[in-house]
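Letters A, B, C and D mark the chains in the order given here, with residues in each chain numbered from 1 onward.
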Amino acid sequence: MSETDFTSNEMMTIAASRALKNTDVCFVGIGAPSAACNIARLTHAPDVTLIYESGTIGTAPQVLPLSIGDGELCDTAVTTVSVPEMFRYWLQGGRVTVGFLGAAQIDRFGNINTTVIGDYDHPKTRLPGGGGAPEIASSCGEIFITLKQSKRAMVDKIDFFTSFGHGEGGDHRQRLGITTKGPTLMVTDLAVWKPDPVTREFTVVSLHPGVTREMVQAECGWTVRFADKLEETPAPTGIELSTLRDLNARTKAAHSGGKTGEAA
Amino acid sequence: MSETDFTSNEMMTIAASRALKNTDVCFVGIGAPSAACNIARLTHAPDVTLIYESGTIGTAPQVLPLSIGDGELCDTAVTTVSVPEMFRYWLQGGRVTVGFLGAAQIDRFGNINTTVIGDYDHPKTRLPGGGGAPEIASSCGEIFITLKQSKRAMVDKIDFFTSFGHGEGGDHRQRLGITTKGPTLMVTDLAVWKPDPVTREFTVVSLHPGVTREMVQAECGWTVRFADKLEETPAPTGIELSTLRDLNARTKAAHSGGKTGEAA
Amino acid sequence: MAQFMTLPEAVAQNLNSGDTAAFEGFTHLIPHASAHEAIRQGIKDLTLVRMTPDVVYDQLIGMGAVKKLIFSYAGNPGVGLLRRLRDSVENGWPHAIEIEEHSHAAMANAYEAGAAGLPFAAFRGYKGAELARVNPNIKSVTCPFTGEELAAVPAIRPDVTFIHAQKADRKGNVLIEGIVGVQKEAVLAAKRSVITVEEIVDDLDAHPNACVLPGWAVTAICLVPGGAHPSYAHGYYSRDNASYIAWDKIAAERDTFLAWMKDNVLDARPEDFADRIKHLRSAA
Amino acid sequence: MAQFMTLPEAVAQNLNSGDTAAFEGFTHLIPHASAHEAIRQGIKDLTLVRMTPDVVYDQLIGMGAVKKLIFSYAGNPGVGLLRRLRDSVENGWPHAIEIEEHSHAAMANAYEAGAAGLPFAAFRGYKGAELARVNPNIKSVTCPFTGEELAAVPAIRPDVTFIHAQKADRKGNVLIEGIVGVQKEAVLAAKRSVITVEEIVDDLDAHPNACVLPGWAVTAICLVPGGAHPSYAHGYYSRDNASYIAWDKIAAERDTFLAWMKDNVLDARPEDFADRIKHLRSAA
């Protein structure tokens, strides 16, 4: 049972959610990953452990949090620890199997920039910065990335190496003494990408339903490589889609309402 | 109002208790110091903060604990933290004004041995070891010591430097880069001792009521120095004595009782 | 030893122009009232420290109170970028600020080292990350046992840390519950601390292992109900999300920003925060 | 992922002769039942780690299960010295054990570093203390910012850590309350962990910031009511002080020691602990 009427954003979130296993311990990055991680939890991976950098471990929010530090993350968590403990015992301690990151700018090797557009000292656009990403990228067992494709986001050369993916490719991680796998999956609104086993360049392995190679290339700033055996991403199932839509509806209802908001 | 009928142990505990101020934050060492610290809290220093290395901060036990980790220390504490936090944030953080130590063996410069009697590798007697003492001795603002005098305990040369007092005397602490004051007071069952301002050798400044210089020397393994102006320790007041005796009675009642104790 | 006083008194006594100051909070319990009071008192040349500078740091920067920012993630949480910070960094308005940028792991470890009285923190980090190129305060140490090279950053030791907490008892012991962030470390790392609280109670009624700061480890406590608005205080009131969204528009232009600051900060008082959270009180 | 099993199964699956093992607890929640099971299974050549080795380590040493002891304070709490440890160190009975001795600060930091996945811990310690002369695992590192020299010790990384806790839920999440000691760190620092608990419940009902070990960070959970006897379990039963006093006499002679071990350990079972604490149950 699959639905044919879904948006590319819905497809992205659902395809990303499928990558998480029930036994994973997942460090949930800011933004897009949060929806994917919670859909995984609400569908095929009810026991997946979700960790947010605010210190909430094993959280199970009813609605998507507005930030990584919402009260509901704490209310539904197995435990909430201090931020130093989170980064020392839980992330650096090597206990997290998957780090799920978004990206403002990314290159073909999964290196991510969320720091600046332009020169660091005189930036064209000052972005938020790395937050937890630099050590999520090196300490988690592997890294999943999810983002909406655009030529502005997927670039030949990123302006700043906020977090390290596969560097210049090949065994660059090992040469830096990083023992974790790094980016092993990227899910966009158009396709599923995996790194080439040798070069580590992200390669399209699956096109979402209705998406062509040309559409993927049109929204990517480098020359896209496609796998020899290119698959089609299974469309969202009815359950996946209704779970996502219910979550979004609950989230919208919970976070809107008649608040004045004039005195920030 | 003072009592004339008291034991030398009672005099020791009470004289030691007088050294703590209401504003002190005191790290309470194992053994003899515990009674002195709690008598201070129960008499002139009701707001003194007592810390035990088990992680209990601001504790106010009704009876003397059997160990540094009794449940009552936690029940009456302002908060109970983990042992790593205790040693990192609270002791090393420089927040403790007084460390109160006992001693199995001590020399004239307040260096303490609780590790071995005899050679370290082939000891005559294996003692418990340093526990918290090495860093209590260097991290607390100053160190108070209390012990019952004997030639076996107060020796010319200690067998092992478990914790550093004034080393060889003089500015030895500063030469090692230790910025805290070290031992500033020693209270025995016979006298009150303070370090000479220059040599740092412990010097008797006050004899307990009824104690002579000869009695102090008879129970000390080095040639005792006496202050030019030797005072007499004020005898315990009625309140001090009744507070101590009540505490000891409560403690005895709480910790005895008809328990079998056969299956340790 | 904690002294109870008004927030204007606490800021006047504990925050000086030129200080290194942390107004800490991790989405939860952001000390807005304290930052507003600092702005009202015209404090300048601050070196501001915080893992997650958000709206309130945007305000301090936009008002020209900040010389330098030490941080790891600067954003309007759940909304987007900080427009006053961008205007300063990209266009130099009202003046350019100096930036010392770290990762969260580095900042968390640096606060922890500060609380522990250590001069630096060592951690496994910054591998392949470019911040190590642009931030001279990222160095390394070598493990004397394994030879592994680890990242090292200086401990954070603010002159003063401001936090907001749920409650204090009459002896000045302070309870923080829920997402506790890095506030305990930020207070213990600082020379002085000012804590605004939702209420002052006879008994904290705290779990034995809850996050409690003893009164003798705190400098000043100020009763400011609602003092974390528009962020939230777990058990007291929820986040005013509309205010975060509104901020994006207010901060977009210098004029609207300055007008808003006059009405809501310069001409306001700490007591006004209580009104701002009335509609956000927890049902509990 | 935590597996529920019997204590004999958990010891058989997780403790091997030659392992480095920590049976941790800080006066509170000492895992006596686990140590007795290890003795019954005839495990040998252990490197035992603990800040405060007490009666239960005296028993392991006296039974010849121990090759090396890493510790910072060895005593019968509130009573005196450990006579079986002394007999081993002073007289080599049943054999001499190797000693690696630290201060509490060093051990606490070393566990913390182990939990944090670091190879070593740096702290301000051992100044003027002679342990640095006799223990080659005490080295130093230099702060790359201030030049200050700090003490360094290797992280503790046991093959297996045993602790006793108040309760677990059915997903294997474990709650420790009261004096929490260094147990969380000891579990997280270890490759494997075995946790005996007083009870298994549907809901931990834990304070959000209480000391909880998630089930996926734990190897085995065993229901052993009374398993901390003669130490105590906060909220469940009090310390059996008479047993600690009695131990001093039992351990004084090799014969009385061996006889006691036969009756109370070798010929006993984990289920016997429940009886031993019946008279010590908290009124609550």
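Basically, a contact is a pair of C-beta atoms (placed from the backbone, for glycine too) under 8 Å apart; a residue touches a chain by one contact, two chains touch by 3 or more.
Worth saying up front: this structure is predicted, and the values here are computed from it rather than measured.
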Sorted by label, the chains bordering both chain B and chain C are D
Could you tell me the least number of steps, going only between chains that touch, from chain A to chain B? 2
Is the C-beta contact count larger for A-C or for A-D? A-C
Separation of the C-alpha centres, chain B versus chain D, in whole Å, is 28
How many angstrom between the C-alpha centroids of chain D and chain A? 41
In chain C, residues with contacts to at least two other chains: 112, 116-118, 123-124, 178, 180, 184-185, 208-211
Scan chain A for residues touching two or more other chains and write them down. 74, 80-81, 88, 92, 139
Listed by label, touching pairs are A-C, A-D, B-C, B-D, C-D
The residues of chain A that touch chain D in their complex are 23, 25, 47, 49, 57-58, 74-75, 77-81, 88-89, 92-95, 139
For chain C, which residues are in contact with chain A within the complex? 26-28, 51-52, 55, 71-75, 77-78, 81-82, 85-86, 89-90, 101, 103-105, 108-109, 111-112, 123-131, 134, 149, 178-182, 184-185, 211, 229-230, 232, 234, 238-247, 250, 260, 264, 272, 276, 279-280
Footprint of chain C on chain A - complex, ascending: 30, 53-56, 65-71, 73-74, 80-84, 86-88, 91-92, 115, 120-121, 123-135, 137-139, 160-164, 167, 172-173, 176-178, 255, 259-264
Touching residues of chain D toward chain A in the complex: what are they? 1, 112, 115-118, 171, 173, 184-185, 188, 206, 208-210, 212, 214, 216-217
As the complex stands, chain C meets chain D at residues 116-120, 122-124, 137, 139-146, 148, 150, 152, 154, 177-178, 180, 207-211
